[in-house]
Every structure is written in structure tokens, then in C-alpha cells.
Amino acid sequence: MAKKYQELAIKDPTDFLFGVSPYPVSLKNGLTIGGGKVYPEINFTLPGMGINPETMPEVRDQYAQMIGDVTKRAAELHADGFSVEYELLPDLTLNPEWGAEITKLLREKLDGLAQNEAIKTCLRVTPNDIREFSRPPLLRHGKFVDDMFRCFELCAQAGADLLAIESTGGKEIHDDAIIKGDLAASVFALGILGSRDMKFLWEKIVSICKRYDVIPSGDSACGFGNTAMVLAEQHYIPRIWAALIRVMTVPRSLVAFEEGAVGPNKDCAYEGVYIKAITGAPIALEGAEAACAHLSPIGNIAKAVPDLWSNESVQNVKLLAASAPTVSMEQLIYATRLMNKAADKGKGSALALRDLFIDSDSAGDVQAYILRPDVALDLSRQIIAEPTAYLRTRKAALAALDCFRKAQEKREITLSRVELRWLDALSRQADQLPDSEEEFIAQMRPTLDPAKVNLSEYDL
Amino acid sequence: MNKNLAAIYQSVVEGESSQTAKKVQEALDEGINAEVILNEGMVSAMSEVGRLFEQGEYFVPEMLISARAMQEGLSVLKPALAKAEVRSTGKVVIGTVNGDLHDIGKNLVGMMLEGAAFEVIDLGTDVPPERFVEAIKTNGAQIVAISALLTTTMNNMKGVIQAICAAGLRKNVKIIVGGAPLSADFAQSIGADGYSADASKAVALAKSLIA
Amino acid sequence: MAKKYQELAIKDPTDFLFGVSPYPVSLKNGLTIGGGKVYPEINFTLPGMGINPETMPEVRDQYAQMIGDVTKRAAELHADGFSVEYELLPDLTLNPEWGAEITKLLREKLDGLAQNEAIKTCLRVTPNDIREFSRPPLLRHGKFVDDMFRCFELCAQAGADLLAIESTGGKEIHDDAIIKGDLAASVFALGILGSRDMKFLWEKIVSICKRYDVIPSGDSACGFGNTAMVLAEQHYIPRIWAALIRVMTVPRSLVAFEEGAVGPNKDCAYEGVYIKAITGAPIALEGAEAACAHLSPIGNIAKAVPDLWSNESVQNVKLLAASAPTVSMEQLIYATRLMNKAADKGKGSALALRDLFIDSDSAGDVQAYILRPDVALDLSRQIIAEPTAYLRTRKAALAALDCFRKAQEKREITLSRVELRWLDALSRQADQLPDSEEEFIAQMRPTLDPAKVNLSEYDL
Amino acid sequence: MNKNLAAIYQSVVEGESSQTAKKVQEALDEGINAEVILNEGMVSAMSEVGRLFEQGEYFVPEMLISARAMQEGLSVLKPALAKAEVRSTGKVVIGTVNGDLHDIGKNLVGMMLEGAAFEVIDLGTDVPPERFVEAIKTNGAQIVAISALLTTTMNNMKGVIQAICAAGLRKNVKIIVGGAPLSADFAQSIGADGYSADASKAVALAKSLIA
């Protein structure tokens, strides 16, 4: 039963703050996310090694060691709660029993911790979107689809508190769109293909969650927005183009919430800032402490409004002090302690710290600028004023481009000559997007390579 | 420089394909030698594009547009070039290792290699060792380029190298590898001939290996 | 010409703040440390590999890669200045030419950066105290002493801006003292042996610095204070004992400044907080962003008063995003940007952020408590009221123990039953320390094993 | 429990050496069997100390004091024990690898092994491979424990293992390694038999290897 978001859950920038969200999420054990505190969300992954029947004992050992290390450090530093994200690796989703086995192992360790140390924890499990192992992706049937959903079910049974995914519908044409600077193709991938696939996918995920009494948390547009950010960071595409793509991912990721997701949204989904403004759901985010997983121009500003604060991911290698996951855990605890200490002193103090986070980055990069709470509120308002995913995505593009231009005029950001050239070029492309979705689809159809994308998977 | 040659050069740098095709035809009509058109008009334009990219003036999208202009020009030039026999820098088979679907990095490497006049055979993602072996045989490639982005698939590169050895092709090819979780150390440990951290360096590496 | 510190350079806790010190240090290139901004200080080291003539080409490549990576990232994130600490590895000091060669390599890269990007940098070079390769250590003559000083000279010539060391005089008996909880032996090692060796050593280092126009920066009591902290972190010794040792290292490390060091003091020297209060010199410190090198209970509070902010050290391994040194660089830049943004907004804002750093950790661990600016000022005042290193060290012990007791009464910290038992036991030991240095030496003499320590190396 | 045995037990737990010596003598005078005094009075007291340490009630300094009390008691007991022939759990040669002066971790491992009734031969720091080999030969050790704290010395452990192999002693001993920069993977890669991340686990490891 699709919800429709027509007004913002957060209206005033001074209510837009780390640790508090209008609709907090409470777990069975009483841990509340978005209810006043920011908790760490720790992620970890295997070091260089394969996953197969022979290595599975070692895979288990690795996960047991990692969860052991991070829970030990959390207890030593008196953490009062934290979340663990277990983001599966493809082989663990391709073999759902393996994925579930590791879920169970993590669950048991966290339950032990709750007993011995009275630390409340949350376990987020994120199976992979393995549907793209068939090319063009088969999104609605076939072995990969079946295994993926079975993986969700088994992991729910094995003890996940939250389920999440980073789904990739539409990505089969979006990668090229990024690389070519093709705005229309990006809008088509996000506003038409991705959004339709999200609807299909999240209906299913939400029903699985209902069946097993697990929380449907959210879906990151990582394959779109972060791919662009990483490419911009390597100077392959303009930063302004990556920023624009980020804003355009909002309507797509919102679909999960329309279908029943409630948060906390995924860490790597920077569009979460907009999702929080629109839905009021709590969100995870990541920044400086996630540099281990990707470099970014938004290390501090991402701390402005999260409810969980994550390291994205780190492989289990030994650093000089301890294992890399232990090091990440310690860093996340210090980062969140600071925020919570500010909140303890009152809202004024929290807002002052938030503003330091914002001012640290927002003028330096347009990708940081669009994460400013006031900017996100303004753009979110314009986006949800539109009725459909396509029109919202088109509006996201137009409004963001307009916003960049004004920000440059107000000298809130400084775009280089080259970036300004791109601003003009992208605006020209955006202005040509038609009002009518049908017209747009008809325009796009002939440009698509059937070897790459199968439109019937999107009811087209 | 001849007026038409200059126009070709500029149209490639600016990525105006139709202009390139037109001016190449005019130059041919004027009687300019096909190889001169190729080298002074187009190849030198593409190196200017590379320079603009290194300088931050161009991004990949602009490079792609210039590359297309060059293609258009080439198709006009081809007949005249036929006998002159333009040699490619070398043949490269490229792919992402099995189990891994990340391909953007690999695509960029492929693109840059093409820009440097390598002939690139792209096997896509999730490529099993046999397909690498087969492609080397069919194409007589001098270089195999393998990409992996996951810590759980990087070890599969070893499998590819073993398959190449087993097929008796190891001495025919240089093997280069790359992807975020890799390092030069790792590359050496699996018996690859080279590693590079980004696409531009990959071109230099490929060139140095077959020099 | 020994200076004598008899009053505090910083008297008021509200003048005790990150980024500003009464006596800033300016480099030839104009970079000023302690003049209003906190700069990152990045450290890095080799991954698992040996150093010998065969591997030297690879060693060079490693350092070239690391300095290349971190300077690239600093430029991309628009850092406006930073410091690099090159802490030698023993083989690089044992072979001073190798140590100097790497210094030169780093210098050249930093000079290039200054030209191309107008980023001002600082190069701190820290040879090792290799005198302990002879057991008992030969501190004043012999091959190791000669090579060590030659290493200082060659590195100065090769382009160091600052010279530093983490010297170990007295450590040959202090390790045991830590492990046994032997306060008298610790006071003897720090207040008598260590301080005497520092005087000898720093006279020499300062004269080398004068000769080559290089800045003598400081000497960390790492082998004493951090060894204890690491042991406390592993539950081998009580935290209160580690905190006490930290305070007792102050008179020893102060000797470097009496002999002419001017700062910035070494990153790992947490006693630097006291050194800054007493001397007014700028200091480097490290915390959350140094978890890669050692876990600690002081990740945030260490941010209260530093002038350089360091990652301590990280080996050159590949993380998912980039090399570990690149990741550290990014993290340090975000951490310092936040502090500098607060400073830009005025002293009130900077103090508010400083207080959040303090409140984050100070109640949770007594080792954090003693880094509180007010506590450090109070204890520093009592320490320098005494005339000699021995009496200062004894006072450090008495005053710190008294301070712990009062803090517990005021409920500013919460010592466990076990820690309180230790508080009493340590106090009993401290109360027995005689007024007279001669008497104390006479008491200690028979307890010392001549196979471990050679008193003649200390003029005893 | 016998009053004297109880007093011995308590004096060891509380680390009152002179009391231990005195009570051991009284127990002997009372005619209690030496092995009973050893096991019920002292060895069980040391395991209580171990438990208190694991619980956070004791730190290393307290453990050392209890260990000394046990030593004092033992010296009184020794003559009576002579014929009973108390076997040590095993012999361990321990040292920090060449080039490395860090010894605190190694010392703690040695101490804990002694606590678990291993006989420990400590070679100190900066120990060249030959000295390890020699010590194995002279002492007939079953276990060699090697420590390294530097990334630049961890590889020297391989040299020690090679020297042990070269001396034909590899099958006589189990080799365990540790220190902050190491990992289980690394230990395996250099051919060690075991790795542990801390001193308590090192004891369990040593026991399991010679069980």
C-alpha cells in the first residue's frame, strides 16, 4: 500500500539535526535510533580471500574474529549502544545458507554482549542485488531473483534486526550516463527504471519483513550517487555533475519508503539527508571515519544530521594498534561521543556543533553544499511538490542546477571556469526534458541497446 | 600547418564529429597524404585531448566525444589508408575477473588504452579464466588486463594467470592487473607483470611492457 | 645554557586552547605552528619488510609512494599546510646514510608541493635512540652513540625542519617498574636517570640544530607513559598507575626545553599538555585519528590543546579506498578543519568545541582526566614550584595522587574498588620518598641490577 | 581443607611470601605429603590468581607477587619433593627477534607461561637465529616462542624458522609467534605452528600444541 509524501516531515532547519528524527525506530531490545543519540554503525569485510566450500571455515573464523574484536572494544570504551552492518559479499548471497549462517554467528555474539555488558545493539543485514549477474539484468524472475529473496528470508530468520539493500535497477544504463555526462539517460535510469524496480523490490522486501517481524530499513542509490562521487574524486567527471546526480537519486530512494521502509536508511546513501527531511525517518551516514572505504569531500558535513554514524567498510587487516575493524570502532565511538556530548548540553550546543560540521565543508565542494540542511530542505520541498518519480527526478535536476547557479552568485561556493561550462551544458540538457513521461520514454527508447537493458523487466 | 589539417585537428579536440568527417574528405580531395592526415590532424589532436584531461580542462565525457570525432574521421580515411597499413600499438584483452561485476574502472582503462591506439578486446565482467585464454588465442593479444574490485575476487586473478600458463600462453603475453583493493605487492605475488593504480598510468605501463 | 621554568607560560584555562600557544614556532617558509591554526601532522611507516642493502630500492619506493599519496590528497582537500613526521626505523638510524637519504627524498617532494600548490609544509625528522642496542645501554660513547648523533647531523643537512627523538634513558629499569607497580623505581628512572640523560642528550641535539639552522623540537616520554597506557589498555596494570606515570614524565620531558628545545613537542608525548602550560611552546598530540597506531581512552580530550594533530603512525597497506597513509591524511584534515572553523568563529566558539572534546572523555578514565586543561595547569604549577628534577617528579606523584583522590570525592571520575585499592597502595609508596636526592639514590642503589643498568652512564 | 593448606593457599593468593614459607614448613612438619602441599596449597592458589586476573580483580603486579610467594614456598618444599619428581608442563625458549628491542609483550608471555608451570628460557631481545637454535639444543625445548613488534623485523622470524629447519630441529619443536603487527595469516605464511594475540591465549596455545 504505497504511501505518498507530499510535505516535509522536517520543516525548520533548526529541527534538522544529528541524533533526532521525527519518527525514531525502536528495536525489540529497546534501542531507539533517532531518539536523541547518534550511535556508531560498524561495518567490516573479509581480507583478500575467496569464498567457497573449502574456505568457509576460514570465512566463519574471520567474521567471528571481527565481531569479537569490535564488541570487545565497544565494551572497553563504555559505548552505550551501537549497530553492526553486515553487508554480504556476492558469494554469500549467491549461497543464501552461507549468508544466513554468518548472520546467526553475528546475532549470537551480539546477544552475548547484551547479557554480559548490558550494551544494546542492532544488526543490519544487507544482502546483495545479485540480479545483475545476468546480463541484461533479469530483475523479476530466474535463479538470481529467487536466491536473493531467499537470502532475505533466511537472514531475517537468522536474527537480523534490520534488512537493507543497495539495489541496482537502472544501473545497467546509468554507468554509461555518468561517464558520458548524459543527463537524459541518468534521469531515465533513476526516475523511470530505478524507481519502477524499487517499487517491485520493496513491496517484496517489506512483505518479507512483516512475515518475520524485522524492520525494513532502506535502499542506497550507491551505485549511482557514490559511483559518481568516486569518479569525480578521481577527476574523471566534474564535481558538479556528481552533485547533480546525488540530488536526482532522491526520488528513486524515496520509493522504498513509499512502499513501507521506515529507516534507519543505509550509511552510504547520502541522499538520506533528503530522505530524512521528507519522511522523518532516521538515517545512517558516513564521512571522515569512512575514508578507509572511500575518500570524499564531505567528511565533516555528513555529520550534520545522521542518527547512525558509519565507517562504510574496512577489511580485516592488522594495523599497528589492532585489527582495522577495531580501529574503526574506536574512531566511530569518539566521533559519536562528541555529538552526543553536545546534545547533552542542549539544543543550542548541538546546533553550534552541527554548524561547525557544515561550515567545515560546504563552501569547498558543491557535493558538500547540497548536504547543507537548509539546501536539502529547500530542494526536498521542490522535489515532492511533483507527483511522479519521473517528474520529481526532472525537478530535482532543474532545482539543483538553479541552486548551484544561485550559490555561485551568492559566493557560497566557488565553481571553476570548467565547472561553470558544465553547469551551462547540463542546464541545456535539463531544459529539454519533456513534461510527459510517455514522451520521454518514447524519446529514449531508440537510444537503448537491448543487449544492455531489458525494458520489459520494468513493465515498459 | 595546412588549413584543412588545422581544421581537422581542431574539430577532433572540440569533438565536432561531422566537421571532422567533412574536413578529412576535403583534405583527401586536396591531395594530402592519408598518413599525414591521420598523424598530424587526428593523432596529434588526441594527444592534445589527453593533455587537456591531465590538466583538468577536460573530463572523460569530453574525451569520449573527441574519440568519436576521431572515429568518424577515420571511417572517411580508411579506404585511403588501406594500403598504408596502420599498425596499432598493440592488442589488449581486458576483463573483470569472475565473481566481480564492477566495470567502470576497467572501462576507463580500456578507453584510455584505445586513446593510445591500442586495439582493445573487452570481455566484460564476471569473466571466467577460460574466456581470457580463448580471447588471447583468437586475437593474438600481447597484453592481458585484468580488473578486480572485491577482496573476495582479487584472488581469482591468480586462477586466470594459472589458466594462461596451463594453456602454454604465458610467454606470449604480458599480464597487467588493477582495481582498488590491489597493490603492486599483490600483483607481484600472483605473478602478474605489472600493476597500476589508475588508468593513465595503465597506459604508460602497457606501453613500457611491450616496448 | 639551561633555562629554568619557574612560572607557567599559560595561567588561565581559557587561554589554554588548540592552535594557539604563547611562543609559536615559525619555519623558514613562513609556516607558523601555534599561531592560531591546528595543522595535521602525518606519520607513516613501512609495511612488513626488512631493511638491508638489497631492499633499500624498495624502501625508497615505499617512502616515495607514501609521500606522493599524502601530498596528493592534501592538495585535493585544499589543506593550507601540514607537517610530516618521518620517524626513522632502527635500521635507518643504525645506517645514518640511509636515514638521511629518505629525509632528502621527502624534502624534495615537499618542496615540489610548495611550488606547485602553494601549500606550506614542515618536515619533522625523528632518529631513533639506538643506544639501547647495547645492554646495559651505553649512553655517552661507543658506536651506537656516534651513529645516532651522526644520523641527527646528516638528517639536518638533508633538509629536516625539526629534529626530535623519543629517548629512552632510564627505561632499562622503568619497564620493570611499570610491570611491578613499583613507584620508587619509576621515580628513580624518570626523575634521576631519565632527566640526567636528557640533559646530556639535549645539549648535544640543540648544538647540532644550531649548527645546521634546524629547530630542536622535543622529546617524548613515550617509552614510559605510552608503554604504561598501552599496558593499562590491555588490563595488565591499573589505569590509575598509568595516569600517575604520565604526570611523572613531565619533569623529565621538560629538560629538553630547559636545554633549548622550542617545540612543537612530539605527537605521542601526552605530557605535552603540561609542557605547553609550562613553557608556552606549541605541541603535537594525537588521539582518535591515531587509533591505527594505539588504542586509547583519550581520543577526543587530546584535541583540547594541540597545535599539530597527528595519526602517530600507519603502515603502507592498501585499504578499500586508498593506501592507509592517504586515509590517515584525509582524517587528519577533517579533524583539524573542524577545529580551525571553530577558531575562525571566535574564541568563544573555539572554547565551546574544546570543552566538548574535554567532556567527552574526562570523566570516563583517569588518564583522560589528567589531560583536562584546568587539571594540567594546577598540577604543572605544583611541579615547577620544586627546584630539581627529582623533587619535581616526587611532587608530580604526590600532587597527582592527591588530585585523583579529590576528583573521586567530587565525583569528577569514578574509580573502581580495585583502582581505589591501588590509589592507597601507591600513596603509601609515594609518602616514603625522601626529601633528599642523595638519600633516595643511596636507597635505590642496592636494588639495581648492574647487568641491566650502568649508573656511571648517568654520572652516578 | 587442612588448616595449614588453607593458610598456604591464602598466602599465595595474597602474595605474602614469608607467610607462605612458614606455613609450608608447618605443613611438612605436620606430615602432609609434599605433592599435596604443592598441588592443593600452591598450584591451585595460582589458578585462583589467574582467575582473579581474568576477572579484573588483579593486575600483573599482584600476579608477580603471588608468583614470588609460590617460589618461596617451593624453595622450602624442594628437598621433600626431590624424589617425587615434579614434571614441568613443558620447556619453552622465548625471545624477541633480531633488530627488535621491544620486550614487554614477550616478558608477559613468558611470565604467564611460567604461571602455567612451563619452564621458560628467556633469551632476551635482538636475538639472532643461531641463538634460538643453540638454546633449543642445550635445553631440549619443545616450544619456541618468538616475538616481534616492528614491521621491519617481523620478517626476521622467517629466518629463525629457517635456521631451526636447517639445524634439523624443526620436528622437535612447535613454533609460536606473536606481537602487535602480526596476524594468524602471517604466522601461517612463515610456517609457524601458532599465533596468539595476547599472553593468556598464548598459554592455551602452548598447551594445545604439546597436548
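For clarity, chains are labelled A, B, C and D in written order, and residue numbers in each chain start from 1.
What we mean here is this: a contact is a pair of C-beta atoms (placed from the backbone, for glycine too) under 8 Å apart; a residue touches a chain by one contact, two chains touch by 3 or more.
What you see is a predicted model, and the numbers here were worked out from it, not measured in a lab.
Interface comparison, C-D against B-C: more C-beta pairs in contact at C-D.
A straight line joining the Cα centres of chain A and chain C is 40 Å long. Chain geometry summary: the mean Cα position of chain A and that of chain B are 34 Å apart. Averaged C-alpha coordinates give centres for chain B and chain C that are 51 Å from one another.
In chain D, the residues touching two or more other chains are 151, 181, 186. Shared interface positions of chain C, defined as residues touching 2 or more other chains, are 45, 47, 315, 317, 320-321.
Viewed as a contact network, the protein chains fit none of the simple shapes, being neither a path, a ring, a star nor fully connected.
Each chain pair that touches appears in this list: A-B, A-C, A-D, B-C, C-D.
On the chain D side of its complex with chain C, the touching residues are 56-57, 59-61, 64, 99-101, 103-104, 107-108, 124-126, 150-156, 181, 186, 198. Against chain C, in their complex, chain B makes its touches with residues 151, 180-183, 185-186.
Remark: chain C residues 45, 73, 76-78, 233, 287-289, 291-295, 297, 299-300, 313-315, 317, 319-322, 324, 326-327, 330-331, 333-335, 337-338, 341-342, 345, 349, 352-353, 356-357, 359-361, 364 touch chain A in the complex. Per the touch definition, chain A reaches chain B in the complex via residues 45-51, 89-91, 132-133, 135, 175, 178-182, 227, 231, 234-238, 315, 418, 422.
Put simply, chain A touches chain D in their complex at residues 47, 317-318, 320-322.
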